[in-house]
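Common to both upcoming complexes is chain A, partnered first by chain B, then by chain C.
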Partner chain A sequence: MDASNYLYISALLFTIGAVGVVVRRNAIVVFMCIELMLNAANLTFVTFSRINGDLNGQVMAFFTMVVAACEVVVGLAIIVAIYRSRRSASVDDASLLKR
Partner chain B sequence: MTTSTSLLYLIGLPFAGAAILILGGRRTDKWGHLLATALSASSFAVGVYHLFQMVNRPIEMRPTSQKLFEWISVGSFNVDAGLLLDQLSICFVLLITGVGTLIHIYSIAYMSEDRDRRRFFAYLNLFIAAMLLLVLGDSYLSLYVGWEGVGLASYLLIGFWNQKPAYATASKKAFVMNRVGDMGLSLAIMIAFATMGTVSFAGVAEHAHHTSEAALTAMGIMLLVAAAGKSAQFPLQAWLGDAMAGPTPVSALIHAATMVTAGVYLITRSNFVFDAAPTAQLLVVIVGAITLIFGALIGTAKDDIKKALAASTMSQIGYMILATGLGPIGYAFAIMHLITHGFFKAGMFLGAGSVMHGMNDEVNMRKYGALRHFMPITFITFGIGYLAILGVPPFAGFYSKDMIIEAAFNSGGTQAILLGSLTLIGAGITAFYMTRVMILTFAGTKRWDEGVEPHESPWLMWFPMAVLAVGSVTSGYLLYHNRALVFWLHPLFEDHGEHEELLKPIVVSALALTMVAIGVSIAIYKYLRENIETVAPDNVSWLTKFVRKDLMQDQFNEKFFMRPGQLLTKTLVTTEDVIIDGSVRGVARMAIGSGSGLRGLQNGFVRSYAALILVGALILIAAIWVVVS
Partner chain C sequence: MQLALEVGQTATPEAVMFWILGPLAVLAALAMLLVKKAVHSAILMAFVMVVLAVFYIAQDAVFLGIVQVVVYTGAVMMLFLFILMLVGVDSSDSLTETIRGLRPIAVTAAVGFGGLMVSLLGRATLGREAVGLSAANADGNVEAIGFLLFSRFVWPFEVVSALLITAALGAMVLAHQPRSETKSTQRQLSINRFRGESLATAAGLPAPGVYARHNAVDVPALLPDGNPAPNSVNASLKARGDILDSNTFDLKKISTQVEEEK
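Let's turn to the complex of A and B:
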């Protein structure tokens, strides 16, 4: 099977994720879309690792997973804290930083 | 040259008085005036002590010096702060502290009604200290410190009653016009340093022989500018009349006897510069000659007694400056006239103050009249000063002024006759306006305002006047007798031998007395009559009107210096505003504009940030793609 198909699928996943981040308001969904983008990137790493025949890309994929896990922990905590104080998980409501 | 450690007391005592009275504040109100007077008197005592020490030493050992501290030491430029008391300085020291002490005594009574008498005495002491530093400094730089100090004291004292805006303006005017002169002095110091590498009197005197005449001329002209500013000489004379806004003792001490003669001191002290720069010396003579006529003319039209005396001061200092410009034959006579003038003019100013004291501070002579019956002591002391300034023998002015007229006639060349005639005419005009002052004030009929009850002043006031009157009688003969002052000052000046005698002294005296008699007769004819108006008449010739306006000196200054100055300032302000500030403001406005334009992007919505990042990333990728392919 041609390796470029994996690249196409990862590009598709990344695009879905990016569009989701931009258009959705719910913080949880935005978060899931970010995960989707990270995993799309992982897929490309692994694909290139396969194409090049070495393990560098696969190692990078593990790093990405660790980063994603940390990010989820911190990000979810923030979302829960915001939800508690504002009773809303909409990212548009948390727009106070511009002041 | 002798060294001494007690010269500093001369300056230190009055300076300590000023410091105590200023820092002590109201706590010293009760005894401040006594302390100030005592310190001034003790400074005089120190001066007298030094005079006796000096007389007892052989001539070459007479100058006394005291090194205070190393002032400036940069590379090859070394200035020590030191004091120098020589035959010339001692004359000034005794005049300043002697007349100064008398005026302190006078002021105790004159200012007794004033709430701020302590502050007045503090400034008087400050003035004495600064003036002593001026005459005792052994370099132009030390002199400069004293020079600025007396300027400050003069400013503070002219504006002593600064609650009246006109008085505050007068003090500002004096200060600003003095700055012009001070600029001249600082430039002279710079020229001395640049061409000779030293600023001490001894150093400059030594280098003057082998310095180019151009440099010396430039330095001489700058020194003349300085002298003109401080001594109210043409063309910087306009401030002296307004300076009469200060209390009368100030006019007597600062603006008649001492500070305004600092210019004469400066030129006499710098004789080595002027003797080697004939052009500068000629300018000195011209300035002196113009001012002596100028001041005398102004004096003829003044109704304010103090301003009439101020114009007379200007004119008399013109005589002194003229004498200094004549070179070695004139210096001693300038100093002699300076000392006698210090006595009789200070005495007359104190007399004027006494009259004002008795007349509810009225200064308009047209509202005086017949005061000789009511203020006999003031009349007599003022009258002695009057005879002295006229040059009637044997009063002081006769000796000193005749010597100057004689020196002018004997100065050689064609200019001698011109200068001599000018000094004679000046003497005639002086006789006219001083007689006018005498008649309007003491003779004629009463022209007082209602409710004015003239009375003789207390003894604290007439005592100093009496002492000065004695000085006005005797000082001239004492200094003239056996050429006492000439021989005393002789070691300081290089005399180039005998001078041709154009007119014999007796002829000069006769001519001068004739001029005086003419002046007095005209004044008596014009003013010794019954109907003198209390308001100056309007139907007078254009010449009188011209003189009444001080020969347009203020108008001239306004038209040729103030207006162009203002125009220049305005242009510079506009340039600064438009070009320099404009560009700075433009940069700021650009930053603010672009900032507020970009601020729209910072809307706080996470999604729009994300979208921007995405778009940015896409653009980046597109750019890389284009570049690579």
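Let's turn to the complex of A and C:
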């Protein structure tokens, strides 16, 4: 089996995540889709690390995981803060700047 | 740990694993988009992450595979579920389209983007054989990654730790909510009970539930005259509407029903 099959899977997962960010309205689901995109990028890192025989890609994936964890923590705190003031986790309801 | 998989040449167990788990992961990711409830999305997402962990381990990234399970499926998805339970299920879970024509456009763009990526990947060649990680992982994957982290990447590693601490503090600041009123002390509460409108609640509020017939926190207690006691049910249950009508347990009606049955 060719290692580039993993790259195809990763491209598909990234695309699905991107569609989810655009289509879904629940802020938490949108967030999960962003996580899916980050994970897809990580899979690419790991696969290229294997293809190139170099561990730098795995270290990059490790850093991506740390940054993703930070992003989740802050993002969910923002969602909770918005939910407290607007009683809704929908991305359409947070439109104060539009009016 | 050496999985001894030579890249480029067919490793049958890995191929079997890939062709079973790969389609499952893509299906789970698609279902994540299509299911209505956010909790189901979270479960499917956790499945995709576990599959990715298996992929990492199969590709000689043992450390990352374990970290993926511990950090993503363990910590991050738990955090997601925790926030889901905190925020609750509301109208944002519905799949109705708010911007007209958004969904066809999104799907078209996605098919275009995905097709472009896949065709690019299919055409790209490195001009040489894939190497594999057996040499780089000769002393073990964890040792090799640790060596890289603490030599070449030591500065980014420290910066990332600062980022992590900042994120934790930021989350605390964002999620913290100051009390809008000072909390009354026990002494103050006691004084309020006895100097209030009446002495009826001085010994505390009545407990919910209907004695000997129905016993639940969402059913108001019946007073001696058969009427329900509204203050026996928790106020937050009342606000949520999770409350049974206690008139159905009204003693007078019950006695007449029994009479009729006789």
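One rule holds in what follows: the second predicted complex is superposed on the first by the 97 of 99 C-alpha atoms of A that agree within 3 Å, B and C clash if a C-alpha of one lies under 4 Å from a C-alpha of the other, contacts with A are read in each partner's own complex, and residues count from 1 in each chain.
Rule of thumb we're sticking to: contacts are C-beta pairs under 8 Å (C-beta built on N, C-alpha and C of every residue); 3 or more make two chains touch, one makes a residue touch a chain.
None of these values were measured; they are calculated from a predicted model.
Asks: Could you tell me whether chain B and chain C fit or clash when both sit on chain A in the superposition?
Replies: fit
Asks: Touching A:42 in the superposition: chain B (first), chain C (second), both, neither?
Replies: In the superposition, A:42 touches chain C alone.
Asks: Between chain B and chain C, whom does A:20 touch in the aligned arrangement: first, second, both, or neither?
Replies: second
Asks: Given the superposition on chain A, what is the angle at the CA centre of chain A with arms to the CA centres of chain B and chain C, as a multiple of 10 degrees?
Replies: In the superposed arrangement it comes to 120 degrees.
Asks: Of chain B and chain C, which one touches more residues of chain A?
Replies: In the superposed model, C touches more residues of chain A.
Asks: Pick one for A:91: touches chain B only (first), chain C only (second), both, or neither.
Replies: Both partners.
Asks: After overlaying the two complexes, what is the shortest C-alpha distance between chain B and chain C, in Å?
Replies: Chain B and chain C, overlaid via chain A, are at closest 6 Å apart by C-alpha.
Asks: Output the chain A positions appearing in both contact lists, the one against chain B and the one against chain C.
Replies: After superposing on chain A, chain A residues 18, 22-23, 25, 91-92 contact both chain B and chain C.
Asks: Along chain A, where are the residues that touch chain C in the complex?
Replies: 1-9, 11-20, 22-29, 31-33, 35-36, 39, 42-43, 46-47, 49-56, 58-59, 61-63, 65-74, 76-81, 83-84, 87-93
Asks: Sort out for me which residues of chain B touch chain A in the complex.
Replies: On the chain B side, the touching residues are 602-607, 610-611, 614.
Asks: Can you list the chain A residues touching chain B in their complex?
Replies: 18, 21-23, 25, 30, 91-92, 94-99
Asks: Across the complex, what residues on chain C touch chain A?
Replies: Answer in residue numbers: 7-8, 10-11, 14-15, 18, 22, 25-26, 29-30, 32-33, 38, 41-42, 45, 48-49, 52, 55-56, 59-61, 63-64, 67-68, 71-72, 75-76, 79-80, 83-84, 86-87, 90-94, 98, 102-103, 106-107, 110, 113-114, 117-118, 121, 126, 130-133, 135-137, 141, 144-145, 148-149, 153, 156, 160, 163-164, 166-168, 170-172, 174-175, 177.
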